[in-house]
Amino acid sequence: MANKPPRRAAELDERVYAKALVKLQIELVKLQRELIACGERILVLIEGRDAAGKDGAIKHIIEHLSPRETRVVALGPPSDRERHSWYFQRYVRYLPSAGEMVLFNRSWYNRAGVEPVMGFCTRREAREFLETVPDFERMLVRSGIKLFKYYLDIDRHEQRRRLAARRRDPLKQWKLSPVDAKAQKLWRQYSAARDVMFRRTHTEIAPWTVIRADDKHQARLNLIRDLLSRLDYRDRDKRLIKPERDIVFPFEPRFLADGSIAR
Amino acid sequence: MANKPPRRAAELDERVYAKALVKLQIELVKLQRELIACGERILVLIEGRDAAGKDGAIKHIIEHLSPRETRVVALGPPSDRERHSWYFQRYVRYLPSAGEMVLFNRSWYNRAGVEPVMGFCTRREAREFLETVPDFERMLVRSGIKLFKYYLDIDRHEQRRRLAARRRDPLKQWKLSPVDAKAQKLWRQYSAARDVMFRRTHTEIAPWTVIRADDKHQARLNLIRDLLSRLDYRDRDKRLIKPERDIVFPFEPRFLADGSIAR
Amino acid sequence: MANKPPRRAAELDERVYAKALVKLQIELVKLQRELIACGERILVLIEGRDAAGKDGAIKHIIEHLSPRETRVVALGPPSDRERHSWYFQRYVRYLPSAGEMVLFNRSWYNRAGVEPVMGFCTRREAREFLETVPDFERMLVRSGIKLFKYYLDIDRHEQRRRLAARRRDPLKQWKLSPVDAKAQKLWRQYSAARDVMFRRTHTEIAPWTVIRADDKHQARLNLIRDLLSRLDYRDRDKRLIKPERDIVFPFEPRFLADGSIAR
Amino acid sequence: MANKPPRRAAELDERVYAKALVKLQIELVKLQRELIACGERILVLIEGRDAAGKDGAIKHIIEHLSPRETRVVALGPPSDRERHSWYFQRYVRYLPSAGEMVLFNRSWYNRAGVEPVMGFCTRREAREFLETVPDFERMLVRSGIKLFKYYLDIDRHEQRRRLAARRRDPLKQWKLSPVDAKAQKLWRQYSAARDVMFRRTHTEIAPWTVIRADDKHQARLNLIRDLLSRLDYRDRDKRLIKPERDIVFPFEPRFLADGSIAR
């Protein structure tokens, strides 16, 4: 069963998608105007498996936002100095100030996923992280930062398809890394790490939202809709942000045999 | 005559453009692989009038490059502290290290354009800047940085069209600023400032390349072609980077009555 | 009674002090060698009333330490951007990395002292701070940072004497500020704020140590002795770090009528 | 002859020195008040052989200055990233802003001294540096920074004495490094490198001042006197800053057989 790809919902028609996206981007622009006026601070963490579509989702969220008040943070491996500093220190530097929206492409949750799975941190460090992160996030939220945590989930077959396509695509060569070469092989370990992460860090004050991302376009629309629905702003076009299928929310995930999350 | 728009070359067919762009982006990916392998440092300044297409050009250059080795720098107005520091200091911070390609969306040349025209700096500061910048750039080039300076030029009618379209576009609201409201009104002053800038800072070691940008698509292709033609890398597809019309190079500009640069 | 200065212990003879200080500084050098070898991270917060001797204490602690691994952090008022960021953000930047000893001359505890007393923060912010700081410090300590919090306490007469001397001293002009002009007038408010701070932030994992500082020399020796006694290092000269009077430890302060802490 | 120490002037009486120092420090305080009021930017480079007294001189200059407007910069070896960036980049970051006085304890001139002598840079890099530095400094000076370059010079016997004393002093262990172990052995090479440095970088706009430093106390007083004499400020006590012997100024050094500079 795990070897047979589950049936996929018919993909969105290209033009329907393009039209829907533009409408949501206009809402994002309205939202940002309000954020800037009110001095709100927005922090969006985008997590998910390799090839789940994090880069693309972020790219389309920020496409028409003001660069000065929008920041995408995708940190490389820590420097030697950073490795010997407080784990959160290099992330803290990029937290949003008034009026800013910051999107983390992967985040401190590396220590709950790629790091323990690939052996880049000790078990003790991973455990310590899971114990600390709810406190850390509570501090941020209490300080007034609005924190959103998204996890893009794909199934194993879709990941295989995408990684293979990536290897063939001359425009995506830079995305290839030793880490994603192991994504398929370590599928179960990643699933297990993710489940532990959800159990330990899905808190009332900083909940996870899981987005099914086997259909990239649908996933982007859903992510933006969900984000818009959780923030207040003027002139909202209410029709656009109705909750949709494919968002696992409220969060009580059932996990399928292939490690992906059931709708 | 200045009131009648010059005839424009037929715009590129959309599909022809898309295909040509992808091919050039593949070349950029090859180039970057080489830059990283050799530890080259690339610095590209993108200057030009308001609405000349700087944002779009940069977006398409970096679209498929590795984010870790590519940086776009678009600095806001200087902080109070920066205003009282060495003028180049806040730019120096972002110079490329080994293997990096840095693109400045506007640059230190603000002090040869928007700042003197809008009265954001003193005449003395602007003069001082023009005297210093050749020395500054020579230092960078001698240190091994490969420096490219592009100026995107549009004519007055095209700018008017674009600024009007921008005001109507709900996705471009953040681009509106008091500065671009004056772009049309201060057209002559901007032209004069640009001409002085060219005369003083077009040096052998750091020459300007002017790109006619009334056709956005053509301009992007030309900019990328020019950049590729000036750097060496393996597996170059030579057919793609032939010199094309609309690049004013070698640089001996003749200026039209409307302040734009003749082809 | 509050108007009469309490009897002071005879001050240390100058030469006795100088000799004792050098011996303790030699111990600090040994300690630092060990810290560097083991990659320990030390964070020392020095708090206390205006004119309590914080600058002098820090100066003598670091006098013979390696500048590369020792950092003194004395932050000015927050910039506008910092004011709208997470309160701890600007401090986090300076946390110690492996092998480093960082001394904060005043610290995040500004928000439990000068800020609420002088009206530089809202009551809500001050309350929020007191609730958050134990979590914040626990995170640091659990991450492996060794955190020491010292409060230098002087009585009201001694402060008056020192502030008056400061005003007359041509070498201390820069120390004069509108804040310390009010130190005497707001003595009670500072005492009350300090007491609340102690009650809320004296935790097992990050306790306060109060040092009587009416005698500057004695206070410096005591602070260094206490710090040395809490850390392990080779070749320790045990005679030097015997606990002494004037350190209120274990911490169960009784407060005198003038707001200072009884020995 | 080179083996026999030159006769030294009688050392300053300790109390005479202490009194003279305090008077000069009061002048420095007056000077700083003026610098802050006028928004001047002061940059002082302190160079000199190992053990020439750079640390001590700086310590006594800043002793009573306002820490917020005074910065001492002593950079460690460059990180890997810095090594592949523009050489001056990591120094530029610390240039003074309005009202600030910045002292560099060693500076970019490492590349004219320790780096070529110890083989930490290539010959090409050292040559490149010497050609670039006058341009670089001219830019800084033209931008309004007041630049002072001091070189503390000691003779070979004095250096030997001091390095030996340092090795015995338990408070100076951190100062020992493999570099200074070679200072005596490479004395001639250091002398030669220094002479080239003087010839190439002693410019009208950014001249060197050489201070004989075999007598530490005298050297500190002379350095401060010289600095004070070159800047304007109110209430200057003119008696204090008379030019003294032991400053080689105007700069036409004659070099002794031992590589030190003749008075």
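Order of writing sets the labels: A, B, C and D. Residues in every chain begin at 1.
Throughout what follows, a residue touches a chain if its C-beta (ideal position, glycine included) is under 8 Å from a C-beta of that chain, and two chains touch if they have at least 3 such contacts.
Everything numeric in this text was worked out from a predicted model, so none of it was measured.
Set side by side, A-B and B-D show the greater C-beta contact count at B-D. Distances between chain centres, each the mean of the C-alpha atoms, put B farthest from chain C. A straight line joining the Cα centres of chain B and chain C is 53 Å long. Rounded to a whole number, the gap between the C-alpha centres of chain A and chain B is 33 angstrom.
Computed centre separation for the pair chain B/chain D is 42 angstrom, with centres defined by C-alpha atoms.
Counting partner chains per residue, chain A has no residue touching two or more of them.
Those residues of chain A that touch chain B in the shared complex are 22, 25-26, 29, 32-33, 64-69, 74, 76, 170-175.
Touching chain D in their complex are the following residues of chain B: 39, 41, 81-82, 84-89, 92-93, 95-99, 128, 131-132, 135-136, 138-140, 142-143, 145.
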